[in-house]
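See the structures that follow.
Each of the next two complexes has subunit A plus one more chain, namely subunit B in the first and subunit C in the second.
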Partner chain A sequence: MAHSGINVLLEGDNFIRLLGGLWVTIKIAFTSLAFGLVLGVLLGVLRTFKNRLLRFVLRIYLEFFRVVPTVVLLFLFYYILPRQLNFNLPANELATFVFALWVAAEMSDIVRGALISVPKHQQESGKAIGLSRWQLYRYVLIPQAFSLELPATINLATRVIKTTSILMLISVMDVINIGQQVIEANNHTYPNGVFWVYGIIFLFYFLIDYPLSWWARRLEKKGLERENG
Partner chain B sequence: MSWPIIQQSLPMFAKGFELTLWLSFIGILGSIIVGIVVSMVRLFKIPVLHQLASIYVEVSRNTPLLIQLFFLYYAFPVIGIKLGAELSGIIGLIFLGGSYMAEGFSGGFNGVPKSQVESGKAIGLSRFQLARFVIFPQGFSKSVPALAANIIFLIKETSIFTVIAIPELTNTALDLIGMYYRSNEYLFVLVVAYAIILIPLSVILTYLEKRVRYGTFGN
Partner chain C sequence: MNKTSLKKIIAVVGVLATLLLVLAGCGSSKKSSDSNNPSSVQQIKKNGTIRIAVFGDLPPYGWVNKEGKRVGYDVTLARKVAKDLGVKVKFVQVNANNRVDALNSNKVDLVLANFTVTPERKQVIDFAKPYMKVSVGVVSPRNKPITKTSQLKGKNLIVTKGTTAETYFTQKQKGVDLLKFDSKTQQFNALKNGRGVALADDNSYLYAWSKNNPKYTVGIKSIGPKSYISPAVKKGNKSLLKWTNKEISKLTKDGFFEKDYNSTLKPYFGKDVKPSDIILPIK
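What follows is the complex of A and B.
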């Protein structure tokens, strides 16, 4: 009977260990988001400038991170940084670093998209009253782009949280890795433990991501209502 | 970087390439079918099914594919359902992709301006006629960029199949690295292989986004 296995979660400190793993997951997700979003806004603004070379280089950066699956990105940095550049990082920090670069790439496209969606007359009015380029971005474009890009940014955050699940592949002690240890250690007493451990991890991810995507959806709806009445 | 090593690995990568394409194709096709069904159920607000569809979309979108696969592959046998690795992969991908496609279609349908829907009602169209002649023609074209983005997303997600040892591209590369310790060569081939699949799609996506943007903003 499958339901007899639920006790595996209450055995010893199994549940506390899973929560500890979850904390590692959350820490990596939010640290990489914090760094990645800041860098992404900067790159997104740069991508609206006229300089062709700059735009080309940033476009290549975006396309590379967009085309290569995140699992592969992770392994690229995992193998190449230490072997080619002699640059050793603990798995947690390496993961944060890779995720931050990935978030920055995705965010740069969101920011660019929002900036060019601000109505043209806003930009022209700003120029007409003599704002400098810095003032134009600071007081006109970025504040208006912010509300346009917020839902996409929250959705990006939910994607980052979900993608942390692949960190177990480079042996980060995240919630899934701990879960596998718990399953193996208790396999003898709880042969059905696998169902409950993966079940609770499933639930953990849902409980973190669902409120975020609910918020994003509400903002999107408001945006649509403003547009279409 | 040594070319002979790359050359020797190519037949194995070719197999992985084929499998990635095949699994992506089945997964995307299944996702589009599930997506259409779910978005119709939501559009027509069919009782009970409508609520079930919402629960499905939320669960599928807010959990990682990796844990969905673990559940299908490792936990389902406990309750007596044994799926092979590839079948688990395909079911997982369709479970995930179905909700993304449904959101893509729904997004397009909801993007049809209210004035259009109200005009349709005003000239006396039935609910079915409204969907057939007003919402679908405008909604589908609006949802095309989202669908294209989902296709790219789903192909990339097949790389996660490596965790249940399906010998697709990523798994092939990781296996070879594990056996011969030549990470540069194998990772290089791996990135090139994904680029061959995804760059053309990414170019098409950019073009489609421009087209739809042109239709909406005129610039």
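What follows is the complex of A and C.
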């Protein structure tokens, strides 16, 4: 019996179902990243502007999403807001929405940091040749900030993928949730199925996240090489 | 140029903020004008689907089998309810601690997730008529069975902290020595190692355990106060509550729950348990 725990994965449709859960996880993570990153770049650019009110509002937005734990945000949007506002989205879309807002907040800070760390003379040279503000950002600041912010962005992406594991709390049928169904359904026949199910989930997350963090490290190294010759 | 573009941005932000406010306003005013609720029987029939909260990880009540199909005692009832309403069923999987929120935030119309009726819960949601009962049971070795509480006087009884069994024996059966543990695994190991003469816990849980451990038997099937398991609706949802009450009475009369018991619970509980230990009699 002890050696047959792995069979829990092979029985019936269990493995296919886990893959289905993984697909939900990936879909939510990448859709929210796509929307969040675009919005985050916009907000990041806005945050380098001089308007105090604008900066203040965006700062509050950032701090709110950074300080409040993601679980609390999900509960707030899934259970509490609907009661007050009749704002009712299905769990998957809502999760994507909340994650996108969270990514946008974090990204805005990364972009802002990268933009202000572009050497000052670049900006001044741009102004000297008469570029408008739009052109300055489009041709000088954003391209140079891009390589600076890339490693941090990839880091953010791996964090988002990992954080999808709490989505089961708002009834999203992600890979963790399906894993738990499989474990409980087979508890009597495979007492050590837990090990195998979480083992395979670990492998799934690793396979998605490791290439990303490897890429981030490589980029960072390349960046250092470029700067220091 | 700097100033004009700044003004533009402020204007845009202002407009967005107002839009948000207006949207929020619309949302809340819609709620009040929508009069009562999106979960009334009429509305469910109009939508063609009923959203029912069930467990996904609690065999044999609500779980998912290896074909990926939702099954169990509660799930069978849920499908029957939808069929009798003439609508499709959409399952929303919940955990024990978000059953109330799922109802109150309109995520589901009905909860059929082994929901025990308690006075505290009654204040925030409405329970329909019960379809199941549970109470405390006592399991003991088959060769030295405990069948009466008097046999427990001055002996060690194993319980898990925080269970209804612990509360009952602490308050009502003072002559029994309690040996308390933190988890289910610990308490069953203690019983197997002979640290106590018997073990008390929710009876439905013990039935399933003793089926897998045939050396033990649930000698006392039910003591202490009975708890009831009921369908739950959002507080004030009179229309669905009334319909559900009628449905439960009808199903009880038709013997639906006995059939449900035989197909979903019996394989887990074994021969020692009769349907009447779990389901409610026809009134």
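The rule we apply is simple: the second predicted complex is superposed on the first by the 223 of 229 C-alpha atoms of A that agree within 3 Å, B and C clash if a C-alpha of one lies under 4 Å from a C-alpha of the other, contacts with A are read in each partner's own complex, and residues count from 1 in each chain.
The criterion applied here is as follows: a contact is a pair of C-beta atoms (placed from the backbone, for glycine too) under 8 Å apart; a residue touches a chain by one contact, two chains touch by 3 or more.
Just so you know, these numbers come straight off a predicted model, no measurement behind them.
When the shared chain is aligned, subunit B comes close enough to touch A:66, but subunit C does not. Of the two partner chains placed by superposition, only subunit B is touched by A:206; subunit C is not.
Touch criterion met: A:14 reaches subunit C, while subunit B stays clear of it.
In the superposition on chain A, no contact is made by A:139 with either subunit B or subunit C. Legend: residue contacts after superposition of the two complexes on their common chain; A:80 is shown touching both subunit B and subunit C.
By the document's definition of touching, both partners, subunit B and subunit C, reach A:169.
Touch criterion met: A:195 reaches subunit B, while subunit C stays clear of it.
Under the contact criterion defined above, the residues of subunit A that touch both subunit B in one complex and subunit C in the other are 75, 79-80, 83-84, 169. Per the touch definition, subunit B reaches subunit A in the complex via residues 58-59, 61-68, 70-71, 74-75, 78-79, 110-111, 113-115, 152, 156-157, 159-160, 162-163, 170, 173-174, 177, 183-184, 187, 190-191, 194-195, 198-199, 202, 217, 219.
Those residues of subunit A that touch subunit C in the complex are listed here as 11-14, 16-17, 46, 49-51, 53-54, 57, 75, 78-80, 82-88, 91, 132-133, 169-171, 173, 177, 180-188.
The residues of subunit A lying in touch with subunit B in their complex are 2, 5, 63, 66-72, 75-76, 79-80, 83-84, 117, 120, 158, 162-166, 168-169, 176, 191-192, 194-195, 198-199, 201-202, 205-206, 209-210, 213, 224, 228-229. Contacts from subunit C toward subunit A in the complex involve residues 1-2, 5-6, 9-10, 13, 24, 27-28, 30-31, 34, 56-59, 63-68, 92-95, 98, 101-102, 104-107, 212.
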